[in-house]
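Next come two complexes, and both contain subunit A; in the first it sits with subunit B, in the second with subunit C.
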Partner chain A sequence: MIQEPFAIGASPLHQTDPRLKIILATAYSFLVAVLQGFPALLTALVLSIALVAVARLDSRALFRRLGLANGLILFLWVLLPFTFPGKPLASIGPFALSLEGVRFCAQITLKSNAIILALIALVATSPIATLGYALHRLHVPAKMVLLLLLTYRYLFVLEQEYERLARAMRMRGFRPQTSLHTYRTYAYLVGMLFVRASARAERVHQAMLCRGFTGRFRTLKTFTLARRDWIWPFAAGCAMSGLIMLEWTTGWH
Partner chain B sequence: MHISEGVLSAPVLISGMVLAAAGTGIGFKKMDYNHIPQTGMLAAAFFVGSLIHVPVGPSSVHLVLNGIVGLLLGWAAFPAILVALVLQALFFQYGGITTLGVNTVIMAAPAVICYLLFARLIRGRPAVSLTASFACGFLAVFLSALLVGLALVSTREDFFKVSSLIVVANLPVMIIEGVLTLFCVVFLKKVQPGMLPGNPSFETRAAVNHPAGSSPP
Partner chain C sequence: MALIRLDDISFAYPGRATVLDRADLTLREGERIGLMGPNGAGKTTLFHLIMGLLKPDSGRIEIFGREVREEKDFESVRRQIGFLFQDADDQLFHPTVLEDVAFGPLNLGKSREEAQLIAMKTLEKLGLERFEERITHRLSGGEKRLVALATVLAMEPKVLLLDEPTAGLDERTKERLTQLLKGFDLTYIIISHELDFLMETTTAVYAMADGRIQWDEEVKLHRHIHGHRHGAYPHAHE
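Coming up: the complex of A and B.
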């Protein structure tokens, strides 16, 4: 259920310093999030697709992710064009399709996909454990990093715990329905998940203290910026200033 | 409940980030290194729990669980939910870097509000406790839906109809969350009352198990 299909690979993006990738992904996401004009947004989408191409990712997993993320966008496409005020473009029965609404939806779709693709190409191409250490080097508070790494570490354990409880329920003939019994059963399942999690946390904590835990995870991993890594900030700088120029010249109406 | 990348305007994104940072800061302040395993493990359980789908008629909804997480973690719900959302963004690309702040506030602020409102009532007489736990689950989702709407309307006022629709459409989810939280509290009271707030072991467990001398810096 929970997988990182993009984390392992041999592309140039997989080999780039994760600190750099986090910084670039953040800057790029924020820039694209504030773009307005269509030429700039389309260029951003093309840039993101180019990044994904450089990362050489499994296209099936990629499309599955995009499909998931576009669910809410689809919901907006159904609603916004009909609820926005503005020049009517066409009408279906009593509903008028507003030009404003369609424009806004198109904007959101382009932005959202450009940002998601860049996030996949830049950030999902590092294992999450590595990202945690990279965040630590980027001076994200130590408690935050520790919490992130611990949660990540036990996510899979608790997923298995959940699978085990769900299997036991099925073995006893549980069939989910719309009934109070079903909801109570799920509530007990969730409750048990929390109880097991809490008890495990206690044991893990004691084990950590026994091993001399002082509030820091140590790692032998060191990050070094290779000379070829410097191409990324340079390319990103050019691309992002290009986008800003494009927005400046064509985006203001 | 979350908002995708690319929908919200810059002022809304920035306010979300500031509020999320403030909430997370308070959460971390109230939590020393001894609490991190508990918080992280419960954040992982929250992540897994929110993948569970329960049937509603012919369709199904996934659990939100921010009410119960608020009860179990108090202010620590802020960092826990933030971390869960980071992992969701990395695993599923639900939300992303720019919306992380807003989405954290959407999920965690109701959790903390419900904690502050209901933590004391939960240990009251059975009738009070049951009502409070239902209200906790219901209100947490209601406030989240309201915050989603607020974020959308602050971006553009034209979002008003969509926002009201989101709140109304989530009504069944609120009821289900209320029922689930009620039974969950009943279960925890029987099985592990120490996890619920107001119980002496809730505040002191970490301190008792690991006296001051052993606590890491």
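Coming up: the complex of A and C.
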């Protein structure tokens, strides 16, 4: 159900302390999200691509992921240029294309791709479990970390339960059609999954209680910053101040 | 000394018929009890009552010589009694095996280093070396069961409660579990439908019926059905 195509690797980014990667990815995403000028945005995109290159990721999985995100952005291109108020650029039939709309769309496209690429290079290069422990060490509330880790763990169990039910339905000759019977069957299937998930949650909680759980989340995992890790905050500092400078000198404010 | 003593325990799930009806049970140090009984006879319920996951409607539960009533009392019970659940997926909730086995010891207040050491040792004891970094949800059914047992044993319990530990295991894993249990110096109760397994691993087998726990000592002569090719023809066995 959850595939982590980028989590395993031997690149420098895979070996960097995940806490550091989370912090840098967050700071970088916020910065790129507020950039306006095209020189700065294009530079950010180039920086993100460079990060992905450093992470040496499987390009096919990478493009599949980018395709998914850009599919959504495509919708914006269909709608926004025609609805955004501003100077008309061209007109197709009764619809006028506004310069501001096109510019806005281009900004969104550049921003989202730059952020997605950076997140893939920085965050997706750690397994989800490791990210959970890293968030815990970064003092993210234990409840949220547990929620993340338990969701990750039990999604697979739920998927198996879904597969079992769906298989049993097929074995008894169920074929989805456009009929009330089909809708009702699917509703029962979903309902059953909810019932099972909640019973499962109850049992997991009981098992946790039996092993002395009292609400505090404790883990073995510790992270240490290696000396070579220090290059990242330094590089990120330079890159981000560069972006700010660029925005300052070339952006319209 | 009686480690666990249940006196006159009655229990019914809300809106359903009585499961336990004035049941008694005493588990003494060193005893190994097998518990059989039909589905719905209240075997698992009994374990849940001992662990404080359910509260009895009436009766008295004494564990390690002290009466337990409140959630607070059971918190200390849970530190000393290990409960192996029927479904190992309920028990293994961490992404990796080592983290999961260390969870109990960490809850007992051990330091990270101690907990890790205990976890490694426990895995080694069960023949699960090199399982530390394995992803729990990708283990096979048998491996999950053994790792779940490791998570319980890592707390160094005085008593073990095992709920159908052989369910769904193949013969080899079952044999491995049997040998492990026989090798432990532990007091335990095992719920199982497999008499052969109980005869190997326990010293007494009780039956649950009509909400009671009964001790059936009478030896009964019985026949076994056995099958083989050409079995339809008259023949003799030595």
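What we mean here is this: the second predicted complex is superposed on the first by the 242 of 253 C-alpha atoms of A that agree within 3 Å, B and C clash if a C-alpha of one lies under 4 Å from a C-alpha of the other, contacts with A are read in each partner's own complex, and residues count from 1 in each chain.
Keep this in mind: a residue touches a chain if its C-beta (ideal position, glycine included) is under 8 Å from a C-beta of that chain, and two chains touch if they have at least 3 such contacts.
Only a predicted model underlies this, so the values are computations on that prediction, with no experimental measurement involved.
When the two complexes are overlaid, the chain among subunit B and subunit C that reaches more residues of subunit A is B.
When the two complexes are overlaid on their common chain A, residue A:Tyr188 makes contact with subunit B while staying clear of subunit C. Once chain A of one complex is fitted onto chain A of the other, the partner contacts of A:Pro141 are limited to subunit B, with no touch recorded for subunit C. Residue contacts after overlaying the shared chain place A:Val52 against neither subunit B nor subunit C. In the superposition on chain A, no contact is made by A:Cys105 with either subunit B or subunit C. Of the two partner chains, subunit C is the only one touched by A:Arg211; subunit B is not. Of the two partner chains, neither subunit B nor subunit C is touched by A:Leu243.
By the touch criterion defined above, A:Ala129 lies against subunit C but remains apart from subunit B after alignment on the C-alpha atoms of chain A.
In the superposition on chain A, contact is made by A:Val32 with subunit B only, not with subunit C. When both complexes are overlaid on chain A, the residue A:Thr219 reaches subunit C alone and has no touch with subunit B. 128, 150, 152-154, 157, 200, 204, 206, 208-209, 213-214 are the residues of subunit A that lie in the contact sets of both subunit B and subunit C, per the superposition on chain A.
The touching residues of subunit C, counted against subunit A in their complex, run 48, 51, 53, 75, 78-79, 82-83, 85, 87, 89-91, 93-96, 98-99, 102-104, 106-108, 112, 115-116, 119, 135-137, 151-152, 155.
Those residues of subunit B that touch subunit A in the complex are listed here as 3-10, 13, 24, 28, 31, 33-34, 36-45, 47-49, 51-52, 54-57, 63, 65, 68, 72, 79-80, 82-84, 86-87, 89-94, 96-98, 156, 158, 161-162, 165, 176, 179-184, 186-188, 191-192, 195, 209-210, 214, 216-217.
Subunit A contributes residues 127-129, 132, 149-150, 152-154, 156-157, 200, 203-204, 206-214, 216, 218-222 to its touches with subunit C in the complex. For subunit A in complex with subunit B, the residues that touch the partner chain are 1-4, 25-26, 29-30, 32-34, 65-66, 68-69, 72-73, 76, 79-80, 83-85, 100-101, 104, 107-116, 119-120, 123-124, 128, 131, 141, 143-144, 146-148, 150-155, 157-159, 161-162, 176-178, 180, 182-184, 186-198, 200-202, 204-206, 208-209, 213-215.
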